[in-house]
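Alright, structures below, take your time with them.
Each of the next two complexes has subunit A plus one more chain, namely subunit B in the first and subunit C in the second.
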Partner chain A sequence: MSFGRFVLKRSLQGLGVVWGVVTVVFALRFVTPGSAINAVAPLDASQETRRAIATELGLDQPLYVQYGQYIFDLLRGDMGFSYIRGQEVVGLVFARLPATVELALAASIVAIGLSIPLGVLSATRRNEPIDYGATLFSLGGISTPNFWLGIMLILIFAVEFDVFNTSGRGVDVGDVALSVIGSEPFVGTLLAWLAYITLPAIALGTYFMALITRLTRSGMLDELGKGYVQAARAKGLPDTLVRYKHALRNTLIPVITVLGLQLGTLIGGAVITEAVFSWPGLGTLVIDSINRRDWPVLQGSLIVIGTSFVLVNVLVDAVYAYLDPQVVND
Partner chain B sequence: MVSARVIRNLKKEFRNSALAKIGLLLVVGILFTAAFAPFIAPHDPTEQQLDQSELPPLGFSETTERTTSQMVDGEIQTVTETVEITPDAAHPLGTDSLGRDMLSRIVYGARTSLVVGVLGTLLAAFVGVPVGLFAGYHRGNVDDLLMRIADVSLAFPSLVLAVALIGLWGRAAVNVPDPFVVAGFASDMPESFVLPITVVIVVGLVNWVWFARVARGEALSLRGQEYVKASRALGADDTSIIWNHVLPNAITPIIVLATVQVAAIILLESSLSFLGFSGTTLSWGFDIAQGRDYISSGQWWIASLPGLAIMFSVIGINLLGDWLRDSLDPGIEGEGGAA
Partner chain C sequence: MRSDNDDHINRRTMLTYAGTAAAIGLAGCSGNDGGDGSDGSDGSDGSDGSDGSDGSDGSDGSGGDDAFDIGVTMGQMDSGLDPQDHAETNTEIIVGQAYEGLLDRDKQGGIIAGLANDWERTEDGSVRFTLRDGVTFHNGDSLTAEDAAFSIRRIVFDDVGIASPQKNDLGSVSEVVAGDGEVTVSFEGFNPIAFQLFATNCEVVQRSWIEENDSNYINRNANGTGPFVVTEYDSGNEVAYEAYDDYWGDDNPVDGLTMSASSESSTRVNRLLAEETDIVTNVPPQEVSRVESSDVAGINSVPSARIIFLQMRYDVEPFSSQQFRQAMNHAVDVESIVENVLNGFGSITGQPTLEGHVGHNPDIEPYPYDPEEAERLVEESGHAGAEITLQTPIGRYLGDVEIAQAAANQIDSLSNVSCELEQREFSSLVQDITTGNIEDKPHFNLLGWGNAEFDGSQTITPLMTTDGALTILENEELDQLLADAENTEDPDERVETLQEANQLAHDLAPWVFLHQQFSVYGVSSDISWEPRSDEFIDPDTATRQ
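Take a look at the complex of A and B:
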């Protein structure tokens, strides 16, 4: 199978999963019967009013008609209407999405950028102080609840030393990019951005940094013990080349897969990190829509979250296949 | 299979690893604390003593500004005075904003975390393992269907799915009588323990897929083994082959996964409690949420200490998981679960 066909096949499978996601989300409406009507109708609404609302929402139609209508609407980019907020769901969800993506990307970049060198160092200097330090750090990192870490960061860096902001988003990363060419001072905008994003990004990224450090360390140790590494060394190849070109490359392949699977944890973590730092993203929207029983918004957010997960995993598989062409033939 | 070789490996790995010893110590400590909470907690964790509120832990004293209004010569005067609050030996870890003893709350919080962690993991395993074994053993359409369900299930982050399901179903909790208190061995303690049953069901339903994936992988590789083929040739039916030959040989990675899952579910439970979705108020996550409002006014311990309890519990379980993985099967990758 060629690389192109592999990517096409994975994309089609991904599309199937998205369809499953949409179906599950559609079914959620029936887990609590009548809630769609209750969300709109006043408490003392008469039977006639309730029936009129049901007709208005299409709830009196047979199930397959409702399902077909739901998918048809989604394809047209219509996720329904939030009666509680008086807004289209699509607008609400996509207004919040960039903030979450920004936070998740910032956390991932910090996590990946620091953890891979740390894992490699830890493996190549086994049983030295840096290895013990990295092992302890990664053990603590995978065991610490991120919302608590966030609160501790606020306690230290915002309450004790007034360095960072603790709630909201301030400027977004687009403003920082624009300031390079625009009239706003670049450094000032950058600092304003960092003041808001630093603490939530650390709170969210620590778990991943710890996880990737662990995976990189154990992967590197495995690879360094393998025959080809010893053969390469015996042939007189420089140690750094063997380590970073051969061993690290083979270590990163499984690390990438785990990262794809753990993306759900990243998004889940973002939900609660956003709650701690009042970050105006999808996570706070999800929590808020549950507390206000705003089901259309919850459904729309779930579809966007599920679809993003599938999209990223298809991309991860493509990268994986590119790095390790054997995968394509499995 | 638990054979003499397995026990030998466990012992050998344990002797050589300081981390395994620390892990076992932490886990046994937490199990003990959770089981005998009424004897260990110095106070009823729910008892409010408003005159004892916001006491700092031993070794720390806190200065705070207290504003009082008084009637002086027919006028209301507000007096702000700086008072020093000193710890009280009766409350070694201090008290929260309602004067509840922090140590007692942390001791009782261990029950919620462990019970939800263990019951949630058992439920996830009871659903996931049979489904995974069956699908991996039979392959074909059943397997395809399972893998697609697993893909869809993984597309929703555990926390988001749990929050959504609890939001839709409500937060049910059941009261389980505390046997020690009912039998009269411990007085002045809560008579029942609040079990957030919805949380147990939801985390079980959310995390079964990890067990199904691992069990399926094992069944796939075991179905081609000689002894499985032999049993089939001898006319054994599928259920008994899965039960007698596949499961016992697949159990090692399942046990390792279960350990990781208890840790993941404890973290998930604390997140749900933090967000107010759990249905119990005696939980580490809930106390962190309460304490969060007080970090800017100086009462740092209310949010900090329950978090340390979560961290050390999860570290203990993770170390135990590493020990089991390293000694049972060096070939298993530590894929983790979902927190």
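Take a look at the complex of A and C:
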């Protein structure tokens, strides 16, 4: 199979997954207790008022009609209308997506930037104090719930020392980019952006960082013990070249797979972190929509999250296949 | 002082200039602004359904040189800016900065003038509102009687645009007529609480603006007559306002307002303590001491219009026995719950109507905590050995699960009753509670009820009369008392009838009467602001310390 056919096959599989997500998410509203009408109407609304609201929202239509209409609208790029907020779902969801992607990428940068060097260092200095320290650090990161870590970070660095903002997203990465050509000073805008994003990025990225550190360490140890590394050393290649060109490259193949999966998880799984930091992303929109039984918005959010997850994984598969051509034929 | 948005600007500005100074040696500063304004004057009370009038018109203007910005952080944002297409307190707080009703309420819940500076009942029982002169919408157009009439029609008649969830909030309106600077509203029958209803509900929109725009636009923009103009709307995240320069009312000392939300109570408190916001809502009891011990903020609380209780369905055993229901009231130590679970932020109740509301009966004492009396009444009821389950929502009301746990434990500690607790997600529980069929409702559950109209009938009718949407009781005598109260045109007689109904409700004990919930706010030390009992937040009444 060629590389192109491999990517095409993965993409079609991804489309199937997205369709599954759409269907499951649509079905969720009918198996989850609680009616959207109660989110719109006051508790003491008459049954007549409830029926009028149900009719206005289209909730009195048969299930297959609602599903068919939803799929048809979706194919036209219409995610529907939030009957709770009275606004287009597309606008609501895509207004939140940049914040979530920004946070996920920032968390990934924090995680990757620290974890791979730490994992390599830990493996190459096995059983030395730095290895013990890195192991302790990564175990702590894996074991710490990110909501607790988030609250602690806020208490220490925002409330006590007033270094960062407690919550919100007052400055975004777009502001930083604009400051390069605009009137706002770049360095100041960058610092202001960091004041908002640093704590949530650390809270979200810590587990990720710990995981990659452990994975890099064990992968490096595994590779460093293999015959080709011994052979390379026996040929007199510099140790640095052996470690970072040969061993690390092979170590990175499974790491990249996990990176891809985790990036998807970061996009969809930032719900708790976003809630703790009041970060205006998809996670807080999902929570709010669940609480309000705003099904169209919830469906739209989950479809975007699911699609992002699938896209990232297709991309990872492609990179994986590029790094290891054997995957294509397997 | 620093508010959320203000802080954002300050912190951003600070960091911007700090960074820039470090980089290129530049520094800067920001100024403040605020236009001139002259005083307006206050309206007079027209409580309990009587006619009323405003003192005089206020003149426009915003805060002047002392104007400042303010930030408010709530638990949840709005569900869109259409003032007539929602039924939520948080949404009301957000849209209520830009929109106003014909009548309004003061901090204690008394009726005061709004867009109408005169209101009276006509001979045929209709109500007439005379509109204030010189009121303009934020787009500059003048308020007309047709706008006010359209606003009422849009709420109560399904064929005027939307099926408003507020349809029942104005009573059974039959006709709305716009006259020369006045609006007359007629009802199907006599409506004794028309002014109470209009003081709480019915924000006025501009007819042409509504008809020219679609729902998506109306829910993302605002064009009211209120003290604040929406300048930026970030759905679900933040709404920014500035003072409306041509506002008809009193001087607004607040120049800029930012409303935002944090669902996590600890985050709200942290924002307050980090001086990123000025007012935070629903400070949980366990966070109160942290706020009070800080030197940047304090706690302001006020008894709210919300009552918390345990409903018992009259048609199922053992709750079909009045003695058993009374026994449950004696079994629960409400004083201890208020003290230990709510940190004192609640007051004990013994009737459905709260103190200060129309129809409250001052002669009724709450059921005393008396486990022995409870056991005796259970024996007499013939339901000794009863096994009951209390259902409670999770996180809907202040300390709801902990309150229900305490109550269930206290009932379970009786020698002849065992009680279990079932925690339910609110949406799930409310689906059972709001079913039109009493047979589908829970037997025993915790619920809260906000009475923004400050009138006892607005609690007893929906929750205790036979045809009430949420009723768990059927009692002809109580039904008749409420019907009498509904039909009487004499306010004093009506109060007496409602007091009698409250005494009967106390004796029938369809609820375990728990407490009146308090609204607990964290407030920055930089400002002085008194909360309202109807849970609405009015930042324009804040002053700088």
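Basically, the second predicted complex is superposed on the first by the 290 of 330 C-alpha atoms of A that agree within 3 Å, B and C clash if a C-alpha of one lies under 4 Å from a C-alpha of the other, contacts with A are read in each partner's own complex, and residues count from 1 in each chain.
The rule is short, and it goes like this: contacts are C-beta pairs under 8 Å (C-beta built on N, C-alpha and C of every residue); 3 or more make two chains touch, one makes a residue touch a chain.
Since this is a predicted model, take the numbers as computed values, not measurements.
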{"item": "First, second, both or neither for A:275, with subunit B first and subunit C second", "value": "both"}
{"item": "Touching partner for A:52 - first (subunit B), second (subunit C), both, neither", "value": "second"}
{"item": "Partner chain(s) touched by A:98 [first = subunit B, second = subunit C, both, neither]", "value": "neither"}
{"item": "Subunit B versus subunit C as contact partner of A:152, first or second or both or neither", "value": "first"}
{"item": "Touching partner for A:184 - first (subunit B), second (subunit C), both, neither", "value": "second"}
{"item": "Partner chain in contact with A:302 - subunit B first, subunit C second, else both or neither", "value": "first"}
{"item": "First, second, both or neither for A:287, with subunit B first and subunit C second", "value": "both"}
{"item": "Overlap of the subunit B and subunit C footprints on subunit A, listed as residue numbers", "value": "35, 151, 154-155, 159, 275-276, 287, 291, 293"}
{"item": "Contact footprint of subunit B on subunit A as seen in their complex", "value": "13, 16-18, 20-21, 24, 28, 31-32, 35, 139-140, 142-145, 147-149, 151-152, 154-155, 159, 207, 211, 214-215, 218, 254, 258, 261-262, 264-269, 271-272, 275-276, 286-287, 290-291, 293, 298, 302, 305-307, 309-310"}
{"item": "Of subunit A, residues touching subunit C in the complex", "value": "33-35, 38-47, 49-50, 52-53, 55-56, 81-82, 84-88, 91-92, 95-96, 151, 154-155, 158-159, 162, 165-171, 184-185, 187-192, 195, 275-278, 280, 284-285, 287-288, 291-294"}
{"item": "Footprint of subunit A on subunit C - complex, ascending", "value": "4, 7-8, 11-12, 15-20, 22-24, 26, 76-80, 82, 85-87, 158, 162-163, 165-169, 215-216, 218-220, 234-238, 260-264, 266-267, 270-271, 273-274, 276, 425-428, 430-431, 433-434, 436, 449, 462-463, 468-470"}
{"item": "Interfacial residue positions of subunit B with respect to subunit A in the complex", "value": "19, 148-149, 151-152, 154-160, 163-165, 167-169, 263, 267, 270-271, 274-275, 285, 288, 291-292, 295-296, 300, 303-304, 306-307, 310-311, 314-315, 318-319, 333-336, 338-339"}
